[in-house]
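Letters A, B, C, D and E name the chains as they come in the text, with residue numbers starting at 1 for each one.
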Amino acid sequence: MPGFGEAGYYSYIGIFILFGLLMGFGAYITSWILRPKPTQSDLKLEPYECGEQTQGPTWIQFNARYYVWALIFVIFDVETLFVLPWALVYKTFPDIGLAFTEMAIFLLILVVGLLYAWKKDVLKWT
Amino acid sequence: MIVPLAHFLILSLIIFCIGLYGALTRRNAVGILMSVELMLNAANINLVAFSRFVSPQSGTGQIFAVFVMALAAASVAVGLAIVICIYRNHRTIAADKIDLMKW
Amino acid sequence: MLNYTNLIPLIPLIPLASFVILILFGSRMKEKAAYVSIGAALAAFALSVPGIMMTLKHQSVHMEWIWLYLGDRPIKMGFMIDSLTAMMLFVVTFIGSLIHIYSVGYMHGDKRFSRYFAYLSLFFFSMLLIVLGDNLIMVFIGWEMVGLCSYLLISFWFERMSAARAGMKAFLANRVGDVGFLLAILSFFWMFGTVNFEQMAEKIHQYQGTMLVIPAVLLFCGAVGKSAQFPLHVWLPDAMEGPTPVSALIHAATMVAAGVYMVARSFFVFHGNIEAMQVVSYIGCFTAFMAATIALTQTDIKKVLAYSTLSQLGYMVMALGVGGYIAGPFHLMTHAFFKALLFLGAGSVIHGTGTQDIRQMGGLMKKMPITAWTFLAAFVAIAGLPPFAGFWSKDEILLSTFNSPVPGHLFLFAVGLFTEALTAFYMARVFFLTFLGDARDKEIHAHESPLVMTVPLAILAFFALFIGLPGSPMAGHWFQHWLQQSFPYMHAHEIHLNFGVMGASIFLALSGIGLAYLMYIKGTISPDKVAQSIRPLYIYSLNKWYWDEIYGMFLIKPFLWSTNALYAFDVWIVDGVVNGAAMVARGLGFLQFIFDKYIVDGIVNLFGWVTQKSSRIVRLVQTGIIQNYILLLVVGLALIVWFKILENMHAVL
Amino acid sequence: MSLLELTDKLIQWVSEMARTQGYSPEWAGFFTAIAIMLAVGGFVLGFISVVAMLLIWMERKVSGHMQSRIGPNRVGPFGLFQSIADAVKLLLKEDIAPKMVDKPVWWLAPIIIVVPAVLSFLCFPFHKGWIPLDLNLGLLFIMAIGSVSVIAIFMAGYGSNNKYSLIGGMRTVAQIISYEVPAILAIVPVVMLAGSLSFGQIIEAQSFRWNLFSLWGIVSFIIYVISGTAEINRTPFDIPEAESELVAGYHTEYSGMKFALFFVAEYTNMVIVSMIASAVFLGGYYLPFGLGASPVWMLLKVFAMIFLLMWFRWTFPRLRVDQMMIFGWKVLLPISFANIAWVGIWMALKL
Amino acid sequence: MTELFNTALTPWEWTQLISFYGIAALMIVAALMVVTLRNIFHSALGLAAVALGAAAIYLMLDAEFLAFVQILVYVGAVVTLIAFMVMLTQRASHGKLVRQSNDQKTISFIVVLSLFALLIWKIPTTVWNTTVSTGNLADAKTLGTAFLKEYIMPFEVISIVLLVALIGAIVLARREPK
C-alpha cells in the first residue's frame, strides 16, 4: 500500500469500525435529542407477551438439539479453516495430484462425521 | 513493527494468568471452559508473535496457531457436551459439586 | 509405483476397512453385510498370493517404516513375509475366507448378522497383524486385538448367561498369559534394544545360556494363554459357546495357533535353551495327554472337538519344545485344515439336527451325505492314517520327539504315541456315533445344509486329505526345506525316515479306531461296561479332571477366604494382642504404670495417631473435584518453572 | 487511474508541499491519508444510508407490484420519500426499555449488528482499482465479519428477556450457522480457480468469462444464493421472525432507533450478499466476453440480485423449520462437497 | 523499552503503539470480565471481545489469515456454541445467591501470582533472538503450501481429531430416545 505505509493498511479497518460505531451511537444520540420523553408507566414497560403476564422464568431451558447443530457447525467451520489455504495454493502447487488426494482424504473423513450425524438423526428437528 | 516482542509476550502472559485463575476458581463448568479458551488464545498470541519476530517468512508459529485453534474448537465442543451430560444427570454444573472421580 | 512390497499393508487394512464400514453402516445392509466382509477376506487372500509365491522362489518380502523416535533412536514397524509367514497367511486367509462364506449359511437370520461379520473382519485384521508383523510390538497389538475379538465373538449371543461368562473367562485367562508376554517383550527390549525378530535373532548369541530362560518362559506364558496350554487351558472348552464358525476359525484353526506361531517365530530364543525347552515340551505333552483323556467321554460334539483341539495344540507345543521347529508349524497347518473342517462339519450337523449331543444323533450318513463324507475325510486326517495330512505331520512330531536333545524325550515320545491312539479312538467314536448306525432320536429330522455351507466343506476336505503330501517323503520333504528358510540360524539337517516310529504310529491309530469300531458299531464290547469297570477314571474324565473345581477351590475361594481371614486377624489377633498387653501391663503393677502410660501407650497411640492423621491428609488429596487437581498441577508446574529458572540463574552466576 | 494511485499522488504532493513549507512531511502525509480514509468512510456511510432507504422503498414497490398493488405513492414522486418519512418517524419514536431487560446487552446489540455491516463495505468493488481496501483475503474478511452479527443477534435475543425474542434469536442463529458452511464452501471452487481471496483478483479472473458460465459455477451460484438468503433471514427462510409464530423474532422488544438499526443492518446485509454474488459469480464490474467494464454494471448487478431476493420473498412460501435444517445439512452441504471435488478433478486433469 | 522513545517515531508507528496498548487494555478488561462476572452470558460476551482483540493483535503481527479465521472460528463458532450452552443450562447457573468461585480462591490467586511475577520478571530481561523481516512475510499461501508439504500428517490427523470430536460430542449430547 504505497501511500499508507505498513500500518496504514489496517488502520482502514479501524477507521471503518469507528464509522460503524459512529453510525450506531449517532443514531442513538440523535433520537435521544429528538424524541419525546414522557414518563413511563409500569404497564408500558411490561415485556411483550401478548398482553399476558409472563409465566415462569423467561430464560427457559432449551433443547439440546440447538447445541448439537452448533457443534456440527463448529467442526465444519474449523474445516473451512483448512480448506481455504489449500484452495489458495491448489492452482499453483506443483504436485496437484497430491494436493487433491490430501484434501479428498481430509474431506472424506469429515463426511464420515456428517454421515454419522445423519444416521443418528441429530440433523432432524424433532 | 515498533512494539517490541516482550510486550506481546506480556500481554499474552496477563491473559493467560487471568484465564488460569478463572480455570482454577470458577464454579460454573462453562466458565471453566471459557477460561481455558482464554488460556489457549493467550498461547496463540505467543505463537504468532514469535512467528512474526523470529521466523517471519516460514510462518511456523502461525501454522501451530491454526492447529491450536482447531484443537481448541474440538475440545470446547467435547467439553461442553460433557457438561450437558453432567447437567442432565446431576442437575448442576457447579464444578465443585461434581466429584465423580472420587468413586 | 505399484510395488508389491508397498501393497503388503493393504492385506490387513482391507479387512479393517470392512470392519469400519460394517460397524457404521452394517445394520442398514442387513444380510448384504456379508458380501463386504467376504470381499475383504478374499481380497486379503488374493493379495497374499503373490507374497506366498515369492517365498516359493526362496525370496522374502520385508517392508518397514519408522514409527516414532524414542529419543533419537528410531522405533521401526514393519511387515514381513517369509515362508513361515506365508504358511500362516495361506492358512488364515484361505480357511478364513471359506469360513466367511460358510457363515453366511450358518448365521442366516441372526439379528446381529452384520455385527458378526464386522467382528470377523476385525479379527481378520488383527490376526493378519500378528502374522505379518516383523516385531514383537506389532504381534502384541494384534495379540490383544484377537483376544478382544475372541471375547466379542464367544459372547456373541450374550443373552445367554453362559456365553457371556465364557467370554469373560476367555478374556481373563488370556490376560494372565499376556502379562507374561508383555514382561517378555520388555525384557527383550531391555536386553537387545530392539524387538524386531531378525535383529533379535542376530543378537541372540550374546546371551546364550541361562540368561534367556526366564524371558523365554515368560514369552511362552503368552503362548500358554493364547494356545490354551495347561494351566490356562480352561477357557477354550467354554469358548464353544460362540457360533460354530467362530469356533472353527478362531478357536481351532487360527487364533489359538497364534501361540504356536509366535513360539516358532521366536524359536531362536528357545533353541539351545534346554531348561526352557523342557518347560515347553512337558507342558505341551501334558496338555495333549490330559485333553485327549477328557475328550474320550464327552458327549457334546463341540466339546469333544474342543478338547481335541487342546490336545493337538499340546502336540504342536510339545513339538516345538523338543526342537521340532518345523514339525510344530507343519502340524499347525494340517491341523488348521482338518480341525476347521471338523468344526464346520459339526456346525453343519448342529444346523441340520438342532442338537449338539452325539447320543441323540446317529445314522446321519444318509441324511447329510456331504457333511458325513467330508467329516470322514477330516477324521482320517486327524486320526493319522497314511497318506492323509495328519499322518505326515504327526509322524514328523513323533520323529523329532524321538530324536530330541531334551532330557526325558523317550517318555514324551511314549505319551505322544499313546495320545495318538486316544485321538484316533475318540474321533472314531464321534464319527461312528454321529453318522453311522441308526438314528437314535426319532424326534430329530435332519436335513442337509445349504450349498453355501457344503461347498466350503468340500474344498476344505480336499485340503485336509492332501495338504500333508508336500511334507511327505514322496515329495522329498519339500515342505520342510521350504520352511527351513525362516530359520536361517538353524542347521538344516537331513530327515531320516524311521519306519519303526511310523509303524508304531500307524498301528496305534488303527488300534484306536478298531477299538471304537468294536465298541460303537459291532457292539462286541459294551461302552457302559467298560465305563463301569474303570468307573473312577471314567468319572474323572467326564468331569474334565475337575479343573474348574480345582481353580474354584484353590484360587477363587482362597481369595474370598483371605478377606475373611484378614478381618478375623484384625478382630482376634490384633485386638487380642492389645488386650493381652493391657492385662499384662495391669498385672505388672503400679511401678510400671508410668512406663505403661507414657511409653507403651505413647507408642501405640503414636502409631495410631500417625496413621490416622496421615491417612486423613492423604485422603484430602482425592477430592474428586477437577479444579483441585488442576490446582495441584499448576502448583507443580509453578514449582518446576521457578526451580528451573533459579537453577539457570545460579549457573549463570 | 485507480484509487490507490490517486491516494499515493495526493499524499506525495501534500508531503512535498509540507516540506517546502517547513512542516514535517510525514505528519502531513499521515493526516492526508487519514483524511482520505475518512472521506471514503463518509462516502460509504452515505452510500449505505441511501441504498438502505432505496431498498426499503424498492421492497415496498416490488411487493406492491407483485401483489397487483401500487405500493407507496403519496410521499414524493412515486412515493420515493416514503423511506425518509419512515426514518423520521423512527427517529421521533419514544424509546421503551421493558423492565426486565438485561440493560447493557440489550442496549449494545443494535450497535454491534451495524458495525460488521458497515465494515463489509470496506471491500465493495465499485470499479477496477476503486475498492476502498482490497484486502488479500477480502472474501474471508467479509465472511468472518459477518459471523460477528451472530453474537449481536444472541445479545438481542437474550437481552430482551422475552420468550419470543429468545426463541427467535436462537432460531436465527441456528439458521445462520447451518447455512454458513455451504456459503463458504460454495466460494471455495472460485478461490481454487482464481488462486486468491481478494475481490480485485477474483473479478479480474472473470474479465472475459464469468464464473457463472460453467456447470460448477451455476451450482456454486445457486448454493451461494440460497445460503445467502438463509443467512439474512429472508423468505423463504424467515422462520426466525415468522410473524405468525414469534411476533417479530429477536427484535420484538426493540422500538424507535434501535429497531431502525436492525432494519438497516438487515438491508445492508442484503446488499452485501448481492455484492458477493455479483463480484464472485457475475464478474463484478465486467460485462461478459470483454465487452467493457464500468461501476454501473456492478451496481446494476447488485440491484438485479437484490431484486431476485425480493422476488423470492414474495413468491415462495415459508419453509418449515425441519425442512430448512434438512435442506442445509443434507442437500447443500453434500452438493458443495461434490462441487469442490469436481472442480478439483477438473483442474487436476487440465493442468 | 527506553530506546523505544529515544528515536523519533513516525506517525504510523504512533498509531501502532497507541492501538496496541488500547487493544491490550480492552482485552485485559474483557478477560477479567470472563473470569469475574456473575452472569455467564456476559462472560461469554467477554470471551468474544477477547477473541476480537486477539484478532486485532494478529493483524498487527501481519497474520492476516489467522486474524480473520480467529473471528470466524472463535466469535462465529466457539462463542456461539458457548452461548447455546449457556441457554441450555440457564436454570443451573442463574440465581443471585449462587457462589461464583470455589473455596480455593486465595491459594489459586497466590499460585497464579507467583507464576505471573516470575515471568513478568523474566520476559523483559531475556534476550530473544529476533530477526529483522526481509522479503515476503508468511501469508495464507505460505500456510497452504506448508499444509501440503511439511505438515501433511498433522493436517490429515486433525481431520480425524475433528471427526472423533464430532462423534464423541454427538454421543454425549444426544438425548437417548427412551
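Throughout what follows, a residue touches a chain if its C-beta (ideal position, glycine included) is under 8 Å from a C-beta of that chain, and two chains touch if they have at least 3 such contacts.
Note that the structure is predicted; figures quoted are calculated from it, not measured.
Placing every chain at the mean of its C-alpha atoms, the farthest one from subunit E is found to be C.
Taking the mean of each chain's C-alpha atoms, the chain closest to the overall C-alpha centroid is B. The chain with its C-alpha centre at the largest distance from the centre of subunit D is C. As a whole-number value, the distance joining the C-alpha centres of subunit C and subunit D reads 68 Å.
The distance from the centre of subunit B to the centre of subunit D, each centre being the mean of the chain's C-alpha atoms, comes to 32 Å. If each chain is reduced to the centroid of its CA atoms, subunit D and subunit E end up 27 Å from each other.
Each chain gets a centre from the mean of its Cα atoms; for subunit A and subunit B, those two points are 20 Å apart. Subunit D has residues 29, 140, 158, 166, 170, 173, 177, 180, 197 in contact with two or more other chains. Looking at subunit C, residues 625, 627, 631, 634 sit in touch with two or more other chains. For subunit E, the set of residues touching two or more other chains reads 10, 12-13, 16, 60, 65, 69, 72-73, 76-78, 80-81, 84-85, 87-89, 102, 104, 108, 111-112, 115, 119, 139-140, 143, 147, 158, 162, 165-166, 169-170, 173, 175. Residue ranges of subunit B in contact with subunit A, taken from their complex: 66, 69-70, 73-74, 76-77, 80-81, 84. Those residues of subunit D that touch subunit E in the complex are listed here as 26-27, 29-31, 102, 104-105, 135-137, 140-141, 143-145, 147-148, 150-151, 154-155, 158, 166, 170, 173, 177, 180, 197. Of all residues in subunit B, only 20, 23-25, 32, 95-96, 98-103 touch subunit C in the complex they form.
The part of subunit B that touches subunit E in the complex is made up of residues 1-11, 13-15, 17-22, 24-28, 30-31, 33-35, 37-38, 41, 44-45, 48-49, 51-60, 62-63, 65-67, 69-78, 80-85, 87-88, 91-96. Remark: subunit C residues 625, 627-628, 631, 634-635, 637-638, 641-642, 645 touch subunit E in the complex.
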